[in-house]
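What follows is chain A paired twice: with chain B in the first complex and chain C in the second.
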Partner chain A sequence: MTSARSIIAKLSPLLACLGLLAVWQIAALWLDTESFPTASHALQTVPQILGDPEQLLNILDSIRRMVIGFSLAVLISIPLGLAMGRSARVSAFFNPLLMMIYPVPKAALMPVIMLWLGVGDASKTLVIFLGVSLPVIYHSFQGAKAVEEKMLWSGAAMGLNGLQRMVRIVLPAALPEILTGCRTGLVLALITMVTSEMIARQSGAGNILFNAMDMAQYDTVFAMIIIIGALGIVLDAAFDKLRWRLVKWAEPHQEILLGAS
Partner chain B sequence: MQVPLRPEIDTGTGATSGERARAMIEIASVSKRFETSGRKSHLALSDINLTVDDGAFVSILGPSGCGKSTLLYIVGGFVAPSEGVARMKGTTITGPGPDRGPVFQEFALFPWKTVLGNVTYGLRQQGVKRGEAEAQSLRLIEMVGLKGFEHFYPKELSGGMKQRVAIARTLAYRPSVLLMDEPFGALDAHTRTRLQNDLLNIWERDRKTVLFVTHSVEEAVFLSDKVVVMTRAPGRIKQIVDIDLPRPRIRAELLLDSHYQKYVVDIERMIDDGRDDAEHS
Partner chain C sequence: MSAQRLATALMGALPILFVLAVWQALCSFGYAPPSLLPPPGKVFLRLAQQLGNVGFLDDILATLIRLFAGFLVAVVLGVGIGLAAAVVPAINAVVRPLVQVLAPLPKVALYPALIILFGFDHASKITLVTLDALFPILLSTYYGASMVEQKLVWSALAAGTPRWQILFKVIAPAALPSILTGCRIGLVISCIVVFLAEMISSTDGLGHLLVGAARTFQTVDMFVPLITISLLGLTLNGLLYGLRKYLLRGFPEV
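== the complex of A and B ==
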């Protein structure tokens, strides 16, 4: 599987990264201000941060919250979205609720949540949970709605009951769409993770970043941006690989069609 | 509204006496009304009476929108009739079941399953052990001409091949009746002909009861023992034509057969007569 196309496809993100770093380096050298360190400076700071046990634990704390918030959201949102997609009654009940929550920036709820749950893990995880839930619900809903009626009839004729049809036909049939939602959710998990730590400063990657900002440690600020960005890229790429493995049976144009409709 | 039973809608099974002339499906006074927007409703089927004998190949023929598919869905238990009842071996149909196997124009395969996975699905659901289910499925896959494609996904197959998989998938769990909803409607003429021939070969082997919906007169006459001609909305049965052509039927011979040609022409006239825009010469 090493055709010329796949090699180019594999290298292009790396080339983009190198290009970005080069532009950064040149811009920083040219501007020459303290608040904009060069790319090489920032990169040198990365191992310092990751080598410091306290900082590393902070970052791992963030990742733990993100994983928990994301997992809970996925576990609850997929069944809810699928149920909404297949039942007009469930959809009629939840739709207005979701329409109200949808445009509210989840971070804006943080102060209220902090008031109730404190500044600890619970409130941060809850914000991540909320951030991830909506895209996953939405895509699961769309995926379930698009499942061919005749496919369900075929299953019913084989003797599958309602719940079996949901788990064994609707779920796999909607999987490509569900995983598209999860991928968006993963990126949102990272975003809400950082914002929640920015508001409730106590621990985490966001906390390191904004503390460094307050103390004018710009090398650390930019190094943290690199670390968080790299984390996002790695997670997204890993998830996309998983997604491809799970839905390699899907029509390649399916997603584009769904996106355009 | 009571519509008088027409003389040609004869549910009698005594005429063609055979050892298998037992009623498999009975449709009694079935009507179907679909609620559309507001208080309007659309009468899709009106007072349908039909008996399908065990082992018979019966086609339902009519223009699009005559409710012929709806009638099939009622027998399948996917749609409930507004009035009347449909019975399967004397039992009122209340929902889908493995005794009635559907084959749809849209194939409706499970795209996440391979050919083999699709065909074994119904058997596995009925508790057949994997090894046994796969052995049976492999034989069926060979029978529908897809040997070598067992591990392909539906997206990798052509339309004709997909429909072959769908037929094998349904035959696998051994329904008493095959319900075929314009199964070859989405295929090109060449593929369509080949699948008609293959279906007939398979059918002539075990004489499963088939209810076959189509809008092609030739297809209906070529395949069937009986052709049920329906009128445009609301769908009623206009006439039931017994196709008295010998079996096994060979397409090349049949096309030159004057009896076959007469059936086709007569039925085409019958359908034309029912049209509002029929020309009077």
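== the complex of A and C ==
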């Protein structure tokens, strides 16, 4: 019984995918226009794109930039966010500046940054870095602020110094919140990746997508949407697995019993 | 107390002033040619000039309309679906896998499809904003509502609250802090996305101004929309913070 249930639970995202594709297929058949290909048509185009070495290299380029930008951002943002959460001075110092930068669309900086660093990897990676770092800082900050004082006092009483308390008490206690931030960051990384390549039409997945759009190759447009979407889903699922391992203890326990149960 | 608050505000102003100073220094010592990095004074002067310009205000208005329309639809849908999924298992069973699939999807990639379906006008941009802002709001509503203590529900039931009222009298208020956090993230994302959508394809709005300026290498005009959207985001964030303070006035420190 439980195993059957868990199998259904595991398959449900797949079912949802199939359902969405089915809705797409029906909508496309019903609208029946040149510019909106059916799901099956778009799916058939996917292997064509992935099979073309040049396009594949483009997409791998995008992924590489995203991974570098994301990792750098996480490495720098978590310590900064934790420091802001534990020290009122640090947070008073950085908070207003960060709050000002947060709502600026980082990909919108792309035209400006391109003027300085060129259209190459450096500017795109920098933009992704900027896009990821703010949510991670913000959530690390919130997480570190919410750590129970008692635990820190206990740590201090046991002779941990400031840095040790940070690493052994604040970091683990804030980890669920930090990972929430990283997840938001991951989504933003994908958004910025696509848009930065859309603006600097030189290489990458966003470039293929918007070039196809301009040239009215609608099959390619929709196939690229499937590829980028699948990339997002796979990355998110991998991240969720990692999160599950790290912070199993902090998961919400049960659903509210209000309905028929 | 007020002296301390003043000190905090001064501390916060420091790095902003520092950035402005570095910016000015880069320009005045000739490290950056004005064609690449115009001096801050020039940019702010142009911003002040533009604020008196009707065309510029129209662009801001167009951006704001799209931003608010998209965000509000996202709030209504996100809170509604989130609460429903937390309370009704049948809805949860349908919504959960759909959200798992759709939430991590980079919605900007859908934008070409939205243009094809809804045209270049407001509709496609508003839909994109809604899609992007929806999931943070939906997820935090759902988590907030499913973390509500069972004891509260039992107490309310024992006190004679009808079942259908529990949702509005117990669960929604208890989930409010979480819902508002989600709204804040959703708002920031809306600001980002509306700007991007306008950059990709538009005839008006702040994003369009930026792209237009970038094409003609008018660096001063490139910075003006960037600073405007930053200030808009800051203002909206402040308003939301005020709303949060007002709505959560009975809650212990959040």
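As a working rule, the second predicted complex is superposed on the first by the 246 of 261 C-alpha atoms of A that agree within 3 Å, B and C clash if a C-alpha of one lies under 4 Å from a C-alpha of the other, contacts with A are read in each partner's own complex, and residues count from 1 in each chain.
In this text, a contact is a pair of C-beta atoms (placed from the backbone, for glycine too) under 8 Å apart; a residue touches a chain by one contact, two chains touch by 3 or more.
The structure displayed is predicted, hence computed values, not measured ones.
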Contacts of A:V167 with chain B and chain C, given as first, second, both or neither: neither
Touching partner for A:A156 - first (chain B), second (chain C), both, neither: first
Touching partner for A:L29 - first (chain B), second (chain C), both, neither: neither
Which of chain B and chain C A:L115 touches, first, second, both or neither: second
Chain B versus chain C as contact partner of A:P103, first or second or both or neither: second
Touching partner for A:L75 - first (chain B), second (chain C), both, neither: neither
Larger contact residue set on chain A - chain B or chain C: C
Chain B versus chain C as contact partner of A:I7, first or second or both or neither: neither
Chain C-contacting residues of chain A that also contact chain B: 252
Interfacial residue positions of chain A with respect to chain B in the complex: 148, 150-151, 153-154, 156-160, 169, 172-173, 175, 247, 249-252
Chain A-facing residues of chain B, complex: 73, 76-78, 95-98, 100-102, 104, 106, 108-113, 121-122, 125-126, 153-155, 169-170, 173, 175
Touching residues (chain side chain C, partner chain A) in the complex: 8, 11-16, 19, 36-37, 86-90, 92-93, 96-98, 100-110, 112-113, 115-117, 132, 136, 143, 145-148, 150, 153, 163, 166-167, 171, 185, 187-189, 191-193, 195-196, 199-200, 207, 210-211, 214, 219, 222-223, 225-226, 229-230, 232-234, 236-237
Residues of chain A that touch chain C when the two form their complex: 12-13, 15-17, 19-20, 35-36, 88-89, 92-97, 99-109, 111-112, 115-116, 135, 184, 186-188, 190-191, 193-195, 198-199, 206, 209-210, 213, 218, 221-222, 224-225, 228-229, 232-233, 235-237, 252, 254-261
